[in-house]
Structures are given as structure tokens and as C-alpha cells.
């Protein structure tokens, strides 16, 4: 049985927070923007340093060469400079101009190449001649440069000086957690920090999750704890899981991969693999009510996704979905230099933040009401419950009272009851308070 | 295993009854019309007296002040006269003209009021100026008058003599049951008797249920018993349940709240809260076949309903639905003086009666046929079953035989088999008789 | 756990067979065409002799008078000649012209009849005046002739000499099985051999099944055995079941009644009574992918079917469906002399054969893949699985790998995974081989 005082205090605080002005997130994104991140290296650590200025982080590192489930942590990669100079000594490709110019995990190289010899190491997009593509080669040693196709077309025959000042050496993989304690199980919130200067995919993820953890910290303790995970995609998530899966497995009640939340495109929700989990039901309830007039795409679990691939792998199968705006791989600017700070917006970030806060609020308040004396309906007049100042009409107030009382049978949770009523679950606060205050219902996990 | 002789005798008798002319019900409604009913008082007892002239009733009374589940039985209300006289001594509002003129459970009052002081005690409908609204205040002591808005507009300023000769004193709540014994569990049929002169909601209910019990009494004993309950809405049903819930709980196989069955509007069926119960399946099967060409509305359980709110409350949750025509709250004349004898019709009542009789017939005949020797199909020719005088064609006769034989597997009841065939279940009489007569199937509950 | 070497060998062999030229079947049908079959007699034995020339048969006979479940095997019927001669001695109806001219199981008769006395023994179709109808009377002794209605109209008044040289004597009912051993349970393939010269219904059935058994024999041993049953419809199937039901019941994993597969009409699949069985899922998967552009009719179990009536009777309820082209009773020529060799085609037979081979291939290859180390996804690059020569694009190859890995959880079989991917299950061969070869998955029944 839920402690109703704490429950309603948290509910009210959550509503007040949602009613307020959402915090600005672009300044944090701008701070993280210039860093050259990869799956290992200084960029990851600098990123965690900055996030650690905003929320309390518990950081971990896994040495290169460590086996994590089926994977082996690769050597650590760091890069200081890289360029291609033409015969005149001009940097025609320059890492200092954009960290996308170098293929991630490029091995060091220094030498002179004819254009013909250089071509196999160049990557560009003929269909998007003004965009630098983003490429990596984490596990197959090679080197390369990415450039605008328009620039590539202008390269003259002749010899070029090629230089990549990188190191691939034993080091470590870094990740961090930010944990807010709750009275019961936990909600997992995961994002990744392994892309260089890319805004929608990826910086919107860590920026929004950092802000989300700040917002959650400002609320009274809830029924659920909240675990924010900041880690390189795939290998970082696998390292995190290989270390913490056993101890967390029973604790995870719901989870979300937070990514692609910075533009103001239509919402895309990808369900957990199990489907119809608490995560899915809460997210779909929110999307139905908050963004009913905008196009929303709700989809089954997709094995070609982001880190939900790991969280929903057969041996783990946590109830983890992902709420996004324009999804990775589905917007034109994805994985190119056009996915920059101008692609995202404060409005987009703030709306995404509110959607996540709303979903977590729904998870917090979802409970199973249970009639204390369940035979017949209660004599509402005896409890002063026949009128309310809150809902528009007495009829609607009574309708909500009767719906909750009727379905307070242990088989229906609040989301189910709200959907039967056709109202957002968070509008049921006065109804629940009235009924619980009169001892007509108890609230249960 | 069902006694097939009794089963088929009852089936045939039910078909014969349905093939006959339905009895007239308006005379009984006209007899009940003038009585001023409320949830307690002489009007309820007079109503039960008249119904008791038609069917055998077992009457009960519950003293004022008795706790019934969460409710307390209120004092008994009786009224003899009530009026508002203008300065000239003319009764401008007169209980003798219509018992709707007085708010139900009005406390006694006698005195002189200015129009201004009187106004808060007057109720009218600006949108329906020629209708007297129906109002009550059972549990909050007050008094008031209801009148046509057109008449209210004509009230001149000045002083009025106000008189309500009512009593609110310790007394009793009355209800009654009419029980027809059967060989097995029971079907509950409940209606309410607490509204003054209102035809569709409510007199159509007790009038139809009285006639239904008469019709059922004329049939041979069935597999089910039938329990008709005549009781004031809400408090009466709660009183009935608080007394009989324990002993009846295991016995109730299906049930219906009989109300709003007097006009000839489209059928509305509201499902039991569990859904897909025997009550629901029988009612929906009948509506699909009998009224396939008329608009029919089948809806999920609605907590803002009539007495099914009590029957389906979490602690009780009986399989009780409600078949209506124009539903309470959904037709313009509802709870006004326009819901009078001209609103209902003999045709409407008779069609509703036949629909209920048909539903109960479906419940009676629904059984699970079971093959006696279930391997392969039987050699029908050896049993003389290859032809029949009944169905239009030999092909259709064989199709029905084979369907029943094929699904006589214990997993399918007769409703399911009939729906697979696309025919009304009651047309399977010769098929069932042929197969049971040849000992190819047994019939089972 | 499945032996993957044998599994993939069989898969490849099946694909190779399906890629090849299908065998011709009309020659076998032409050989079987002239025989006058009935449910017993020399015609059945001659038919089994010819089929036995093509595949190994185990033949059985059941003496007349034997009880099989609810049925009694009738006397054996044989016929040598039959005619109706007019006054001039001309055979106006002549069994030598068509074996359809005599009602099946006609008792012997020899005598002179006026046209008027003869008429009750004549059968024709006024609506199809150029077709000889097909009629039998197995269990009600009588005699009769079938003829074109146009010819019947031309019969002059007068006396006719009637002669049926038939015998109805104690004998036997014949049927046969052709069994291909497998490593596990069995797929039942049943067809009937009791109709005289009729092509679509029936000869297409035994001809296709004979060829299907030949094709299956040419493949390496599979996970399933295959049991072909050639038996007279209804009584023969009941006799087969009464002898073998007990020993086979646990072994039957799926089954099909093979009939009406000779024309090139749209596919009709009738589901097993249970529905969603392996038989149904395999057949529907094949029809969705192979004949997506042709009209396909998938229907629930129909108790007015062929031998699936017996296989799916309540006491047996095997997972047996039926894939047909134009279905018995649904094409104009059905059960008339117009259902002749010109009605069917080699193309129709071959396409039907390939559809059945494809369905059986799907049943063979359907398995449940299971991740060996199920936490997180495997590091595909370590296994050389990031590229493939087979599918069109790397993206599609990765998509398939990730789908199989993600759903290799024991809850999804290969059909389910393929349907999630939207690809035919048989296209997953390289994906499965790659993953199983790298020991990333095991394959399971």
C-alpha cells in the first residue's frame, strides 16, 4: 500500500514543475559542442566533467582489453591534429575546422600521397555535396578523412601531405551514472556520449538527460528511483550492463534511451521489445494526450535501433523504449555536419524535456486504486464528495469519481482507468485525493 | 449432463410463446401512472401492491437508519399535498396537477414568500420551457418546486403562499422479489420503483419485468431460475444486495437491469463490467439476429449507469448488463413531464418484452454439446439424419449437422457454434434434437 | 537442439529442388484417368497398383462389414458393363462411353422399362445440359443412370432395355500409405482415390501427392517424416484412422488434405480446426510471399469439407489444413463430366506441387534460434559477419542479422522472425548459417 501523503506531495510537486518555465538547454549543448568525442578518450572524459558540473556523477572506467559479455574494450583513441595539405601547403582538409573531418579511430599517419592514392581514404556524399559525413572504424584499423563532396571535386591532381596525429594505446572506456534514490524500483534513463560535434544525434541526448536529472532532483522523493546512464553507445552500454546487470535486473521497472530529442519534429516512440510495458503504456498515454494534434509515430521494437538493442537483448530484455523526435537515420542531416547547432532548437529541447517529465510523472502516479469497502458504491454525499471546485462541471466530476470507484478492483491501474475515461491520467489528482482522503480507496503498487 | 427431455420441452414451449401474440402492457402502466413514488413511502408500497396482483412477490422492508453496506436508509418520506398560491389564492403550482411539481423528499414548509425569496426553491428548464423537470434531494434536506419555465416567467412579483404537506419520519424502505425456481443457477432481473409519474424511465421497467415474470411462469421449469427484483434505485438495490449478496453470489449466472424499455427507439445494450459474460453474449447474439436491420448500440460497461453500478461494483461484480431502448440521459424528454404515457407505446413495450424473452431463451438453450463417440464423424445415414423437413434445403440441414458435430468438443457452446454458422441459435432446435435423439451428442452445462 | 549440419544440408537441397524444373504430372493422370473407381472394388486396387509403380506403398485392406469407429465397411462394388438400349437396340446410355453414366454403387438390374418407369432412375442437370453429373448411393441400395440433360430430352417414349452388370458382395476396402522416415515427428499428407474419371476433384490429388512423395524421397533425411495416405474419401479415411490413430496421434506435427490442385485457379487455404497450427502458419506464410500478387483465399476450418472433417473431428483434432486451387463445390464443372483432363493443366499441377514443396520446406526449416550468450549483442566484427555476398545491401544483411539475434529468445520461431522482417523465411538461409556457424545461436525444435 502506497503512503498517500508522500504520493500526493510528489504528484503536486511534479505538476507545479511541469506548469513552470522549462530550463534552457542550449547553453550546455554549446559547451559540449566543440569536444571531439569518440567511444574512448579525452573527449568522453571532458564531456563527463562538464555534465558532472551539473549533476552528481559516479564515474567508472574499464581498461582496454577487458572482456564485457561478448565484446572486448578497444584501445583508447586520442587525436590532437589532422590535416591534408596541398602542394601549396594549404590545409585543404583540416581537423581544426571540424572534428568530423577525421574518420573516428583513425590510426596515425604521416606522409605524402598522390590524389589517386589518397582517394580510397576519402569519404564524401555525392548526394549532399555540402555536408561532411561522419564515419568511424572502431574495430578495423584504418585511417581516413571525411569532406564535403564539393570540396573533394575541387582537389587537383598532384601530391598531398597527409598527417593524423592520433594515438591508439591501452587506456580505458569511461562512463558514469547519476542516481536519484526512490522508495521502490528504478527507472533507467540512458544516453550516449561518443559522437563528436553532432547536435540532434547525439548532444541533444546527454543535454536533455542532464537537465532531466536536475529537474527530478528538485522533486520530493518518489516511488521510483531514477538512474541516468551516460556512456558511449554499444560498447559503453555493454560495459555498463556487464558490470551492473545482475544487481539491477530486479530493480528496473521501466526505461528509456534518450536520444534525438533536439529538433522540433514529430514524436517517434519505439516500444520495448516485450511491448505493453509500463514504459510503453506511459509514453503512449502521454503522446495520445499531449500531442494529439501533432503527427506521432508509435512503433514496435526495432532491432536496428540504438542502445535499446542491448537493453532488450534476449538475456536482458528490460522494459526499455525510446522517445525521440526526428529519429536517427530518418532525417536528412543525420550523421553529417549539417546536424549542427542550427538543426536543433531550444523549443524542441524544451518540449522533449516536458514530454519526458510527463512520462515519468505518469509512471510515478500510476498505481492500482482499491476500494476499501467494495460492495456497492459508497454514499458519496456522506463524504462531501458530491461537488468539487476543480473540474468544469459537476457531471464530469461525478463521472470521474464513479469510474475510479468502479474500476478500483485491483485489475485496473490508473492509466487504464484514465483511458476508459478518455482523460489524461494526471487530471485525476483531485479525484484520487478526494477518494483516498475519504478512505474510500487505498493506492497500491 | 443436461436432461434432454426437459431441455427440449422448455425450448419448444419458449418458441411457441415467442411465436404468439405478446400481452398488452399499457393497462398496467396506466394503473401505476398516478402514484407518487419516491425511494421510500406509501407510493412504493402501493406500487408493490399492484405488481403483487400480477405476480407473486416476497416483500421486505428495511427500517430507516439501517446501515446497508456504506449507506444509511433515510427517513421515510410521504406527501399529501403541496402548492404555491398567488395573491389571488390561485394555485400557480399544484402537486395535484402533477407529482413532479414537488422536489422529491422536500421537507414540509408552510408560509408566505416574496417571489424573490421563492426563486431559489424553484426549478425549471429554460431550454424546454413547456416541461416540468424532475428533481429530488434525498440526502440533503431542502424543499422546492419544479415547474414549466414558461409558467415561471409568468409569475408576477409579489407574495406567494407556499405549502408542502410532507413528512420525513422514521419508517422503512420497501422492496420485493419474485422468484421462479429452476434446476440450476439463476438469472437476475432487476428494475426500480422510485420515480413518480415518469413513463420511459421508469414505469416501462417494472411493467415489462412484471409481464416478463408472468410469461416465464407460464413455461415449464428451466435450467435457470429467474429472480425479479423490484426495488428503489441505488439505496434499494444496495439494501437488497446487503441482505442477499452472500447467499446469491454463487447462484447468479447472468443478469439484466430492466429499464427504459417503453419507447420504440433503437436498442442500446450496455455490457456487464467483466464483458463477454453469458448475459452479454446472449444479448449481443439476439441483437445481431433479431434487429440486424435496425441501428443497435452495444457499449462497454459505463460506471455512470443505473443499478448495474451496484451489481458490478468491485466487491460484487456480477455479470449484469442492461438492454434498453432510448437510454436514460440520452433522450430529450428524460426526467421531465414530457416522459409521459404518450412517449411510450404498446409496440415499443412488446418488442422490448420479446427481446428480453428471446435473450432468456438463448440463455436457457445455450449449452455445450459433446460428441459421445468423438473419433471421425458419425455415419449419419444409419441414424436417419440425412434429411429433414425443417430447414429450407438438404444442404443447409447437413451443414448445420456437420457444424454441430464438428464443434461438439466441449470448447464451444451453442452460441459460438451458431455464430460460426451465421444463424440464430434458436434455429438449431431440430439439429440438436436430431443429434441428441440419436445419442450422437450429449448436452452439457 | 538441432543438428545444424543435417539441417542446412536439407535446407540447401530443398532450395535446389525448388529452383529446378518441376516434374510433369499429366502422364500419370492420363494413366489413372480411364479407371472406374469407387470407395471399394477393382478400380481402387488398380489405382494403387499404378501409384505403387511410382512410390513404395504399404497397402492394407479392411473386410466388408468391419466396424471402423461409427462406420461399417460396405460390401465391395464392381461393375463390368451397363447400358440403356432403345427399341432399335442402340445404346442410348453406355457405361463404355463414360463411367459417370452409372450411379456409383448401383445394384445389378436387367429388364425392360417404359421411359416413364425409367425416369426416376435418371439423373441430369437442366442447368448444364451438356454435362453428365456424378452421383453415388453407397449406403442406400438403388440403381440409376446419369446423362446429359440434352440427351435425356431426346429420349423417345417407348420401351428401353436396361442392364447393369454390377456386383455388391463381401469384399474389402483398400488403402495404402507411403512413408518417408525423418528424425522427428511427421507431416501427414492425405488424398482420396474413390472417384471415377474426374480430374480436378479427384485425380489431381493422388497424382500430385505421388509426385510430392517422389520429390521428398530425393531429399536428404529431414527433421520430419512424411506420411502419404491414399484412401477412399470418408470411409477410407475413417478406416485408416481407426487402425492408426492411436499409434500416430503423438507423431503428427502438421498435415494437409491434398485435393483440387490441378487447375490454375487462385489458391484457397482452409485452416485446421485449431487454427494457427504449424500447418496453417507455414501455408499462410508461403501464400503471402509466393502468391502475393494473385488472389488468395484463406478461410477458417469448414466442417463441410473433405477428409479434414475426419482429421479434425473432436476426438482426433489433428492440425490438418488443406491447400487447394478451385475448391470442390465452388467451380462450375465440379462433379460433372466437364471436370475432365481439359479442365486441369500441367502448369496448374506444377504450381500446386511447388506450393506444397515450399510449405513443407518452411515446416522443415522453421525452428527456434536461441542465443548462446544472450546478454547484449555479439561483436559481429569479431566473427567476420559484417558483410555478406548474398543479400543486395550491407544494410539489409545487418538488419537480418540483428533481427534474428534480437528475437533468438526462445519465444519466436523462424516464421515469426521472418514475418517481423517482412521477408520469406527461406531467404534467411545465409543469415542462419552465418550465425550458427559462429556459434552465436543454436537451433531448436
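Each chain carries a letter (A, B and C) given by its place in the written order, and its residues are counted from 1.
The rule is short, and it goes like this: a residue touches a chain if its C-beta (ideal position, glycine included) is under 8 Å from a C-beta of that chain, and two chains touch if they have at least 3 such contacts.
The structure displayed is predicted, hence computed values, not measured ones.
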{"item": "Chain C against chain A, contact positions shared by both copies (same if over half, else different)", "value": "different"}
{"item": "Superposition of chain A upon chain B: rotation angle, C-alpha, nearest 5 degrees", "value": "120"}
{"item": "Separation of mean Cα positions, chain C and chain A [Å, integer]", "value": "55"}
{"item": "Interface hub residues of chain C, defined as touching at least two other chains", "value": "none"}
{"item": "Touching residues on chain A, where the partner in the complex is chain B", "value": "370-371, 373-379, 381-382, 398-399, 402-403, 405-410, 420"}
{"item": "Residues of chain B touching chain A in the complex", "value": "68-72, 139-140, 234, 237-238, 241-242, 245, 273, 300-301, 303-304, 309-310, 312-317"}
